[in-house]
Amino acid sequence: MLCRSNDELQLLVNQAKDLCPDGKVADYIPALAEADQAKLSVALFYPDGRLYSAGDTKENFTLQSISKVLALALALIDHGEEHVFQWVGKEPTGDPFNSIAKLETTTSKPLNPMINAGALAVTHMIKGSSVSHRFERLLEFVRCLSSNKDIDYNEEIAKSEYETAHLNRALAFFMKQHGAIDEKIEGLIDLYTKQCAIEMNCMDLARIGCVFAMDGRDPETDEQLVPLDVARICKTFMVTCGMYNASGEFAINVGIPAKSGVSGGIMGAIPKKCGIGICGPSLDERGNSIAGMKLLEMMSKQYSFSMF
Amino acid sequence: MLCRSNDELQLLVNQAKDLCPDGKVADYIPALAEADQAKLSVALFYPDGRLYSAGDTKENFTLQSISKVLALALALIDHGEEHVFQWVGKEPTGDPFNSIAKLETTTSKPLNPMINAGALAVTHMIKGSSVSHRFERLLEFVRCLSSNKDIDYNEEIAKSEYETAHLNRALAFFMKQHGAIDEKIEGLIDLYTKQCAIEMNCMDLARIGCVFAMDGRDPETDEQLVPLDVARICKTFMVTCGMYNASGEFAINVGIPAKSGVSGGIMGAIPKKCGIGICGPSLDERGNSIAGMKLLEMMSKQYSFSMF
Amino acid sequence: MLCRSNDELQLLVNQAKDLCPDGKVADYIPALAEADQAKLSVALFYPDGRLYSAGDTKENFTLQSISKVLALALALIDHGEEHVFQWVGKEPTGDPFNSIAKLETTTSKPLNPMINAGALAVTHMIKGSSVSHRFERLLEFVRCLSSNKDIDYNEEIAKSEYETAHLNRALAFFMKQHGAIDEKIEGLIDLYTKQCAIEMNCMDLARIGCVFAMDGRDPETDEQLVPLDVARICKTFMVTCGMYNASGEFAINVGIPAKSGVSGGIMGAIPKKCGIGICGPSLDERGNSIAGMKLLEMMSKQYSFSMF
Amino acid sequence: MLCRSNDELQLLVNQAKDLCPDGKVADYIPALAEADQAKLSVALFYPDGRLYSAGDTKENFTLQSISKVLALALALIDHGEEHVFQWVGKEPTGDPFNSIAKLETTTSKPLNPMINAGALAVTHMIKGSSVSHRFERLLEFVRCLSSNKDIDYNEEIAKSEYETAHLNRALAFFMKQHGAIDEKIEGLIDLYTKQCAIEMNCMDLARIGCVFAMDGRDPETDEQLVPLDVARICKTFMVTCGMYNASGEFAINVGIPAKSGVSGGIMGAIPKKCGIGICGPSLDERGNSIAGMKLLEMMSKQYSFSMF
């Protein structure tokens, strides 16, 4: 039950697109609010190199929260599992992604690396001699995973997010108070907003998903780009807490490791099977691409994606 | 990488048993406190009917929270997915299993069927003309899944839990106030404590796990005992919230659908591969069998269990 | 600036009554929902025995949460300050009166005796050989404070509340789990709902307020009905947490010890000055009599009530 | 029951001082950690100008949270009651003073001006053409209330607090996100930490307390330094939430408007009676001067301070 043609995918895209008008584009930063609500694109990258795609595949989008997975992979490579999980937990949470309440009422460390507080703690751990060096390292890592040397970040969106990232500053200062972060907050926010603004299209994203799906190996060169254990850990977090407050429901309805962002992007990584890249900027009320979620449900049924 | 002999398993059991003294037996009800902290048993049930086991395999134990999965399966069979999830959510939570706070500060319904509040709402939905009829139906369902007509509940433990179930009464009355439960609470608590006190050994439990692993089909007769979708939903919850507050960590370290109980029991259901039954009454601080968790980590490495 | 005539009060009542249509009658139990939204009554009881009143002064109403002050006084008489505050705290809370969340996330004991959890713990402490004996003692205490031997409870309302008191059962079982309550919950709920259903008119209530205002002494006989320290403690709780979530605002706008109930009753006790009894069943969104609150604001300005 | 001599006060100080070794000095900023744990000073300022004092009365201390009352008075003078309470609530809270959780789980505005979040919102409202102008205005206001032109702030302590105020930055950014604060956070933190570092001795503080006690009038010139309503509002907050998490207990045990700071200072303002200034740097576990609290309890009994 593999996909066999772009046309097959296009049929699903056409159906899912009907939902676009029911959601709305992220409006908390001006640059994201300009996205076209009607767009939807998808790509499937198989380990044998076959790539199928449909919809507005040339559209670029920023990674936003999808970058949390890539930063986590790099931090795990930089420091190892034991060190990283001293500072961030492994447990899913029923709270919204930007919640600060749990930091206070439970243990001092963020519950997992997929909520903003945990992601900030992870980005804090990316090694480098300066903020710009650390960002260069992350960007290089992303270019390597996508096998696309042209990938860069969107300056306008990074700047726009930097200027409005008051909640992330609040989270970062809260963790600085508790010792989990010991660098200058403005530098960290600069790095974090650039990380979120890394830009690509759905085919690039599907290829990165495929690397995780193939236990960290490059689907074309077979090179081990990410250690097996790191790839496994990332996929696990994508299942337990990859889709914000809808992670549990998504695990039931679709059943694959996936991570979404408020740009409307979704990266999927089906173990041993394939990578998925999706972008549909119209969001449901929990911040996931409304048409992208529908598309994944349909694909999961048609191609038997569910791991469960 | 399949298990090939009881001796192979016994070697792992011997190693894992070293952890038994580091945990402690559940002491919140007198009947559970009498369990032997040093015991550990395991069984693996393969779809071709092969059964391997090691340790104190003849020891009976009560299901406790493991029964939440079986009650959920029955409620889903009785009412269908749509009805059940009107009353209980699908999202994991970072809160303790017996938390009442989340009921109040989020939406009115319990976050998922694996925490006590959600499990009570599920048990409330089991059909039958009376409390005893509903319990008979559940017991019959369990006997069918385990292919063991002798399975019954432990009266002494059920009685002991009934007498001390004040927190569950609090949760149940809270939900009655909000309309999620509309039966008499004492009857529901009677049913729920009997459900938790259903008793079996690790081989019975491994066989039940195997039914879920095989998408609901009986591994011997190939009969569809549980609808495919119901089996899938149950396995999904076992991954996202099966091991209390350690579910996220367990997904990373072991990576299989599993559900534990405070009796020290753990049921595993590895999709398409096998069912697992474990019992080791010595618990870690989050309420999971301390030696059982170790054993699953070792088995996961040796037999490549992880789905991720 | 003392009140000098019923007519003077009547003028204020006429003005305050205009607000009655803006609120609504408590509807969570059928018996309360039948109250006449348009009613408003007030009485002022001075220590020299003078009594002024206006409005629908013959209307009887049930004490509801006002009874929390009287039960606290009796429990303090029965056990002394030290014992009582082992089981219930002294701190105000920003949470709703029926919250259970705080029990869990802070110390195990209810924050104060004016929220339902704390009030249940207090009623649990009223001495007596049986539930009915304990209620008789409380009723006798209320008759003594009001100098009215005819005061009794409203059976219909008590029964109606008993049947719907699921949230109070939840709170009571939660505290039983944690050892703060060790009697049968149904007996306690019976006692508590009868306590809430004690019935009187605004003149009775003003006289009770006057006893507290006069440091526990009967305004007519000068007998010490309540020990000075007990009266002082009760008045203090009335200031810090007597008006539900509006206590802080009330302290600023009116500035006197007062306790309200969802029947629309309000008892005031202005130290050394006078007692106040009010009833207006139309409630604002925080559960206080909407016209009663307005009336107290106007009286506070006209008669310089504020202690601050 | 007025105080009649310094010697009378000295006897009480000698007794209360015994508790100093049981507490500990605030250690969260280096400059405060150097305070002498054994010190205790007290002053009583009567409206007729009489001043009694005892203990280490020459010791200067910083206002810390006591400054919240003075900033609130100035903001109320600058903007009026209606405007100020659009941005900060009036309700006490059972949470710690530095809690951020309540901001999220209840209404968006801080519960009251005595917790850090609310105090930051208040300081944000102090009028002026620049941060330094705003601070000059506040300092001038304090000099006027204390009738001491030499009062200034402690630069070393202000700097030390500024460098470690990460939690206050977190609170401020959280409120900036929600629109309650729209200035640059570093400027606000600069202003706030200077405000907290305003320095005086117990006699200065007692005089300020006396202004509030006398409804805002200067006890010597009878000039209205603070409008009556502003003085009343400040005293009310001092009763309902002036002593951190111990406010409710303090209201019962002492029963007067008072505000404490982590420097060990306490300002009291007994309506129509007198002002109190205390400093004892050894703190109890809730952040109030351990000997100062004892001293106030003893004074309350001896001089019948309680308003209740």
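So that you can tell them apart, the chains are marked A, B, C and D in the order they are listed, and the count of residues begins at 1 in each.
Please note the rule applied: a contact is a pair of C-beta atoms (placed from the backbone, for glycine too) under 8 Å apart; a residue touches a chain by one contact, two chains touch by 3 or more.
Please read these numbers as outputs of a predicted model, since none were measured by experiment.
The chains in contact with chain B and with chain C alike: there are none. Of all residue numbers used at the contact between chain A and chain D, over half are used by both chains, marking a mostly same-residue interface. Just one of A-B, A-D or C-D has an interface built like that of B-C, with over half of its contact pairs in common by residue number: A-D.
One simple way to say how far apart two chains are is to compare their mean CA positions; for chain C and chain D this gives 32 Å.
Look at where the CA atoms of chain B average out and do the same for chain D: the two points lie 55 Å apart.
Between chain A and chain D the centroid-to-centroid distance comes to 47 Å (mean Cα coordinates, whole Å). Of all residues in chain C, those that touch two or more other chains are 105.
Taken as a contact graph, the chains are arranged in a single closed ring, with each chain touching exactly two others.
Those residues of chain B lying in contact with chain C across their complex are 99-101, 104-105, 166-167, 169-174, 176-177, 185.
The residues of chain B lying in touch with chain A in their complex are 89-95, 102, 106, 111-112, 232-233, 235-237, 239-241, 245-249, 251-252, 255, 257, 271, 306-308.
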